[in-house]
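Have a look at the structure that comes next, please.
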């Protein structure tokens, strides 16, 4: 900026005046820093895998994978120990199933309402409530399930034996409520991505609002809705505190929702609390069950991410 | 339905009336809408009763003891959650220190530098989306196997905050990316056309405009970390602790874990205590969320 | 100054008001020499084989129907197309005999010499003062910023309107004032060339007239290249005009082409290409 006057003549005649005499070190350093920061998330995944594999491998050196995956008795800290993971898997699936029975209809109902019916004023009332539901710590959900929902169920249970103090039903129910925001907001995104032309087409053919919602918008948003449900399943499988508090700590190969049962996550938490010595088989079970949990949720997540990309490609 | 002006025969009238009513009966239509509305109402009712229940349960113990006293197993009437409250503050402060810079820098890279067609950038993106949905207890396993025992950081504030940083990192990245994306392209073009470098453009134009959104998203992400208990169970958070942390190498407990601890006790006094601690936890979260919303409204740009 | 010429006749047969065209200074000192320029977005060739020479200290207008590639071409002159990852440039643009797309050319240096004003006024969400000072600041300006801001705003005929509110937000200005601020911001960097990409398309006629006055005034010291969809504007302010249109290839692919480039008076009164004549007389839009 040495020239006087406003107009500046380019230094014509001297070649190379558009080149930079010295490299822009700051720009280069920033780029390196940014890439390094981005690698942290990659390293997190690598770290998870590295954390899981060696102890899990040692575990499967002692216990055959077949026994692990088909065994029906899980008592790793007893003598003699049994390492059949099925009770934890069925416990997880039971609670997840109950949660989905609650969350899928309610979450989708909420999404259809918010996307197809609600006036802006109604939206600004309900959306924050869903956000609050999503923001409540899960240990609080667990507390509510154990202290309020279970006694309530025991009181109103019609005849026969009611739910036990720890049971899959209460835990699954509050977990379902917890997942509603996940399913509702992702499904609503998918429905909002459906172009209005399609709706107008439906209305022009004389369809009612309900027919447009169920026969036009819902099918068009199906891959996004499927993604939302998959993510909900992933969250249910991975949720720890609700089941640790309300579903009990006893591995139980049962399909009775009124009984207590231990999930994979609740087992990991319980074993982790025990501060087991590194290298012991008890310590290694954490990683074996953890690896199974990680793989199950990974599959769900990847399918979900795929489905979301698919609907984005179609409509955006 | 008084559309008889065309003077048709009775058949035409019926046809006309039916057309204006639609195929589905209005009764079904009403019921459908009502059940949609009820889906939302369930959530509202649940939230209302949860909050009411917690406050009612907590009422006998909602006084200063919960803040000034330390946990006490023998005498619940003298027990408080001070070490857990201070532990939460320590752990979250360090979590913010680690995850916010890394999260912001990653978001800047993905939004401003990365070419989306490149396979490695797509891989980074999918990886972040997956990490956002990895169960929190798996992060606990990462913290236990690598940070606590592998690196030998032990059951300390440092281990807990590093673990929680990795846990909320994807959330921070996703929120910060949205805030950066909301800055109009025309601002970047204007800056570059004036001979600013890419980093000058980001530092002097994009970031100042994106900071309110980034702050809002970060606070919400950190409030998720505050409520998180599962991973810390594996990192020694449940140890009986009756003193406040003094540094990153201190043992720790946090509010959600203290709550879990008290829920697990059989005596009824501990239920009130747990409820009181929940109220404290919810108040902290409410304060953080209010701050986030205030920031969003106060500094949101109109373009 | 003005050379009277025949008024063009529009399609409906009504006569366009008499326009006085400006004499084009000779192209003694070419600023840009464009040879065989093609621009690709991915596999699509958006602009094909443009050849033209742009002279210094005059206004060159680029006109043509929308989608004809005129904005794409002007964005090549200060390498703004670099920001689009899929964009690729073939052919040559020489700026004072220097290859703009040469291997070691620094786009930052290029943009400090060749500024740009955009279609929609895009002031930074900062004060008027900071908008003007931004370019010099990032360029490492060491002198007195206050003086520079005053000098620049005076030069852009904006000083009297804003001198009492330099510290207020630029977003509070009217659209026309914002665009003049954006022009002022550009000259604060002391470039040689100012590129303007439809600078008046978002403005009302009065604001447009002020910008046109400013352009004429600035052309005494700067080289201005302006893309416009407004033919009257091109006819009023420019010395030379380039007419672009869209060619449809054998397989239905569309390329922007430079059809005719000449002194403005000639383009509007006696074009040599039928397509130019059809366009300026309004037979095709």
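What to note about this one:
A, B and C label the chains in the order they appear, each numbered from 1.
Keep this in mind: a residue touches a chain if its C-beta (ideal position, glycine included) is under 8 Å from a C-beta of that chain, and two chains touch if they have at least 3 such contacts.
Here the structure is a predicted model, which is why all the values come from computation and not from measurement.
The most distant chain from chain C is A, comparing centres defined as mean Cα coordinates.
Of all chain pairs in this entry, the one linked by the most C-beta contacts is A-B. Relative to the whole-protein C-alpha centroid, the nearest chain centroid is that of B.
Centre-to-centre, using mean CA coordinates, chain A is 52 Å away from chain C.
Distance between chain centres (mean CA atoms), chain B to chain C: 48 Å.
Centre-to-centre separation between chain A and chain B, using Cα means, comes to 13 Å. The set of chain B residues touching two or more other chains comprises 197.
Shared interface positions of chain A, defined as residues touching 2 or more other chains, are 24.
Shared interface positions of chain C, defined as residues touching 2 or more other chains, are 108-109, 139. Taken together, the chain A residues at the contact with chain B in this complex read 24, 26-27, 30-31, 33-38, 40-42, 44-45, 47-48, 50-52, 55, 105-110, 112-114, 117, 126, 129-130, 132-133, 135-144, 146-148, 177, 180-181, 206-211, 213-214, 231, 234-235, 237-241, 244-245, 265, 268-269, 272-273, 275, 278, 286-287, 290, 293-294, 297-298, 300-302, 304-305.
Of all residues in chain B, those touching chain C in their complex are 115-117, 184, 186-197, 200, 204-205, 209, 301-303. Chain C meets chain A in the complex at residues 29, 31, 95-98, 100, 102, 104-106, 108-110, 113, 136, 139-143, 151-152, 155, 187, 190-192, 221-222.
Note for the complex: chain A touches chain C at residues 1, 3, 5-13, 15-20, 24.
Within the complex formed with chain B, the residues of chain C that make contact are 78, 80, 83, 85-86, 108-109, 111-112, 115-116, 118, 120, 122-125, 134-135, 138-139, 171, 182, 185-186, 189.
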